[in-house]
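In what follows, chain A forms one complex with chain B and a second complex with chain C.
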Partner chain A sequence: MNVAKRSFDAVIVGAGGAGLRAAIQLSEAGLKTAVLSKVFPTRSHTVAAQGGVSASLGNSEPDHWHWHMYDTVKGSDWLGDQDAIEFMCRQAPDVVVELEHYGMPFDRLDSGKIYQRPFGGHMSNFGDKPVRRACAAADRTGHAMLHALYQRNVRANTQFFVEWMALDLLRAADGRVLGVIAMEMETSEITVFQAKATLFATGGAGRIFASSTNAFINTGDGLGMAARAGIPLEDMEFWQFHPTGVAGAGVLITEGVRGEGGILRNSSGERFMERYAPNAKDLASRDVVSRAMVTEINEGRGCGPNKDHVLLDITHLDPAVIMSRLPGIREISIQFANVDPIKAPIPVVPTCHYQMGGIPTNYRGEVVVDNKPVAGFYAAGECACASVHGANRLGTNSLLDLLVFGKSSGEHMVEFIRSEPNALPDIPEAEIDRSLVRVNRLDTQKNGANVHETRAAMQRTMQNHCGVFRFKNMLEQGAAKILEIEQQVQQVEIKDKSKVWNTARLEALEVENLIEVAKATMISANARTESRGAHVRDDAPDTPQHPDGRDDENWLKHTLWYRDGNRLDYKPVTLTPLTVETIALKKRAY
Partner chain B sequence: MSALKERVKWRTRRGLLELDIYFTRFNQTQLDGLSDSELETLLDLLETDDIELWNWVGGREECPVEEWKGLVAAIRRS
Partner chain C sequence: MANRTVQFKIYRYDPDKDSAPYLQDISVELDASDRKLLDALVKIKAKDDSLSIRRSCREGVCGSDAMNINGKNGLACLTDIDSLKQPIVLRPLPGLPVIRDLIVDMTQFFKQYHSIKPYVINNDPPPERERLQSPEEREELNGLYECILCASCSTSCPSFWWNPDKFVGPAGLLAAYRFIADTRDQATSERLDNLEDPYRLFRCHTIMNCVDVCPKHLNPTQAIGKIKDMMVRRAV
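Let's turn to the complex of A and B:
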């Protein structure tokens, strides 16, 4: 079949923080750069990041990148690669100052320097005491960042293809990446974007879970495309959860609610946290609260007709306190749970927030398979695994990740593109057909499954079997279930076959990406029989031999899931930083 | 469904989950009742940045554009 072709030096999929930062590097080097995005760049999910971006600028008190590095390694529960972490923490001050020069309106001190605030897990002097390291633009840091980066790209003549969905990665017989095949949403027309270098910056895939804080666009398109093209996905068992998302919606209820006296209750109205954390009770740390909630639900003490959530009760608080100290929460509860928290408790569940794993890369942004970079292929941001977050991400390191690795991948793409001959290699027809067959199936499928029902079944399975607290038998059953749902995904049917703005087709294609991430997550989690960071198993408890259930002897290694045969492989964690001594293993205690 | 309506439907995919949820409800209950000119106005409204739009829809700020106020109120009610 004849498909239109367009040629570029570089093609970037995704126009959130990482994609935009990389594009600046390429366009400013004078290279012809295309950026494809499902939505207008400034409406990427980066917009939701409020907290800030960390950098050891030391504007308010002494700070050092080495301390930041220590915090990040510790936060990662030692699963992060120490070379990438050193690289990120050393680069942080530069990329933040650079962003300031791009016009980012950071909050400032009276002296004119960037204001910095403390953030959980960021300490001075190797874990000694909290340090002010987070740079922010009020509570809209991600939003301001997207605007600054987008404007800079406009100036640099980056070519945007907005409302285009990338379908598949195109590879040569020798594995080199030749570009992507993509669909224009308005017309359903398919075009090959041929390039010397291709970057995936497609964000996370939090929508694999029933309860997620992620926007609907976060469907793991880059991960799905990579997996189908034979690239493994790394450490996909590690997802960060927040204990209190509104059940059924995912919108976060801040920890401040429990700080003001909110109480978690089960179906019999019991304040169950008294049993799990007699001292801290409802104010225990996030993971302790999440695990207690899941245990209550699993043991049949959940609330509602499906017994699938617990209740966050603030009805005992003075309505004046709720109105004055928690006004946003009342609004969120009324709008998303249909409950006025002054009169009735809010239904909540642990909610997926951030994906630590992803497409395996090194700190140069090169995608690495079998210890070798895949020629022409790069990944950055939440879809990539460098790995700097390891088993658990530190707050504010996500915005830093996308700046540092967006820039680094952009720089190395420039180098690679300049070393390549001018003529682009031919793309094997079979590669193009592989994608066309998949897309065309949607036009001919009969008696197939409904897209929304299939997606909901996948999300429920992930939530119930592979959520914030994991159980051996649930994971085993979950792995079988998710493979059944995959069969269903391969036969989803759309009723509307029109070519113009067919959102049903787009959603079907997204589900095909989500299921790859779901399989990778479930199968990797089922295999990892220890607890580490965000992956917590009931059968890997805290013992003197294995504090917090972590088993360094057997599991200090990265998981690699291959789509083909759901094969798992492992690779060692890089414990050697670039210039400093290794940060030695110890128990992660705060 | 008309192409205009489908375009609106896609553009109601936002960067913030809160808005996605509002628009899902709005699309299910009210999209079919909109005239073409109302759909065009909605397209204009959807050019707004997510943070601003969420402040209006969430009721924290008043939408300053007269011709969008009715739609913002309808989204907020949905």
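Let's turn to the complex of A and C:
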């Protein structure tokens, strides 16, 4: 079949924070760059980040990148790669200042410097006490950041392909990446985007779970495309459940609420985090707080008629602080919980929020398979695994991740493109056909499964079998169920065959990506027989030999899931930082 | 809120098969967890996959699901179903070409947004650290930077309906003032020049539909008034 082809120096898939930050690097270097996005760039899910972006600016008290690095390694439960973590924490002040220069409307201190607030797991002096490290624009930091990054791209004349969905990664016989094949949503026309360097910045896949803070668009498209092209997915068993999603609605309430003094309470009004994390209390890391909440609920101390949530209380805060620092949260509470938090506490439950794993990369943004970079292929942001978050991400490190690794991958793409003067090899026809067959099936499928029902079945399975606490038998059953659901996904049927803005077709293609992520998650989680960070299972309990169930002897390693045969492989964690000493393994306590 | 049946009339048009647009009667069963209009639309789409809408964050911050709801523009994800008179009539945002169903072509809207140079212009070499701004100076940006570009305002503005190619419209002008008001921006005079013509700014006749519909409670009319004041002040 004849497909239109376009040629670029670089193609970026995804126009959230990471994609836009990388695009600035490429466009300002004068390279011909195409940015593809399913949505207008400012509608990407970075827009929903609330609390802040971390950087050891030390604007209101002493801080140091090395302390930030320590906190990040500890937060990751030592699964994060210490070279990438050092790189990120050292770069943080520069990329945040750069963003300020782009026009980001950060809140300000009386000194005129950027306002910083405390956040979970961020401490001074190697774990001593909470430190103000989260640079914030009220509780709309992601919105302010995404708009500032888009605006800088407008200035740089970046070429956007808005409302295009990438379908598949295109590779040469030798494995080199040659670009992507994509569909224009308005017309259903398919085009090949050939490029010397391709960046995936497609975000997370939180929609594999029934209850998620994630947007509808977070369907793991980059992960699905990578998996189908033979790239493994790393550490997919590690999913962050954010402690404070609005009960019932799933909408996020930032940890910045606790940073500003908010307190979690159980049915007797007790500040229960004092029992679980005597030092950091409500500002312990997210996995710790989420588990404490679920324990309270499971032990009958939940709130409400069904005792199924706890309360986030800020009624003791000055209403003026709520209005100036947390105005968006107040809106969300009124809209989605029917509660004005100035007057009454907000009902909250742990809700799927962030994917720590992803496409394996190094800190340069290069995708790494079998210890070697895949020529021409880069990934950054939530879809990538550098790995800086390991088994549990600290709040505000996600916005930092996308700035640092968006920029870093952009820089290395510029270098790579300039070192490749030759024209690109032709794209093998079979690569293009692989994608066309998948799309064309949807036009001819009869008696197939309903997309909505199939997706809902997958989401329920993930929610029930792979949640905050995991159980051996449930993981085993869940893995089997997901493989059954995969059979249905391969036969989903759409009734709408229109060529014009066919959202049924798009959702079917998204479910094909989601199921790859669901399989990677279930199979990786089932295999990891220890507890670490966000992955906690009943058969790996807290023992003197394995505190908190963590088994460094056998499991201090990254999981790699390959789609082909659902094969698992492992690779070592990088414990050696770039310039400082290794942050030595120890039991985590907050 | 309990289980209930809700009646809709939804604007449908698929240029691939329909010769003309029509309003489709749809009734949908909702349960207690369905609170927002978007929840209902997702339920409808689960039964009839051909209904086309844009949606993403479902919490009022991405700006995707703006539409005309019982005659007034707003976001489906922030509109309580039970606050609406039935049948709930849904139409695409007015004044922009319809692509399909509730999806409009927003090219003209974004063109106007881009026309105001929506980025900080500062030609001094960037300092090593952040540019300083007092809390009071930063306060000037509140009510301006929070815009989500949903287009509810511009597509409720008669002046924008009549001259979408010449009048910047409330969203673009709000953004223009956001950069004028930013102490880090050095291009105020260039920005005012850029708006100095009979249409771009001055087609605002303070009808204030924009203020009435903004889902983020912003006030483009006030921002436009401030730009007009600056124009007048620099003319005398």
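In this section, the second predicted complex is superposed on the first by the 483 of 590 C-alpha atoms of A that agree within 3 Å, B and C clash if a C-alpha of one lies under 4 Å from a C-alpha of the other, contacts with A are read in each partner's own complex, and residues count from 1 in each chain.
The working rule: contacts are C-beta pairs under 8 Å (C-beta built on N, C-alpha and C of every residue); 3 or more make two chains touch, one makes a residue touch a chain.
Everything numeric in this text was worked out from a predicted model, so none of it was measured.
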Let me test your reading of the model: by the given contact rule, A:F126 touches which partner, first (chain B), second (chain C), both or neither?
neither
Tell me which partner A:V251 touches in the superposition: chain B (first), chain C (second), both or neither.
both
Would you check which partner chain A:I217 touches, where first means chain B only, second means chain C only, and both and neither mean what they say?
both
Return first, second, both or neither, reflecting whether A:A48 touches chain B, chain C, both chains, or no partner chain.
both
Should A:T503 be classified as contacting the first partner (chain B), the second (chain C), both, or neither?
both
Chain B and chain C footprints on chain A, overlapping residues:
39, 42-45, 47-48, 140, 143, 186, 215-217, 249, 251, 328, 331-332, 335-336, 496, 500-503
Residue numbers of chain B touching chain A in their complex, please.
1, 3, 6-7, 9-11, 13-18, 20-22, 49-51, 58-60
Enumerate the contact residues on chain C facing chain A in the complex.
14-17, 33, 35, 45-46, 48-64, 78, 99-101, 103, 106, 110, 114, 117-120, 122, 126, 128-135, 137-138, 141, 145-146, 148-149, 179, 182, 184-185
Which part of chain A faces chain C closely enough to touch in the complex?
39-40, 42-45, 47-48, 97-98, 100-103, 105-114, 137, 140, 143-144, 147, 151-152, 154-155, 186, 215-217, 248-249, 251-252, 328, 331-332, 335-336, 450-453, 494-496, 498-504, 507
Hey, which residues of chain A end up touching chain B in the complex?
38-39, 42-48, 140, 143, 163, 185-186, 212-217, 249-251, 328, 331-332, 335-336, 496, 500-503, 506
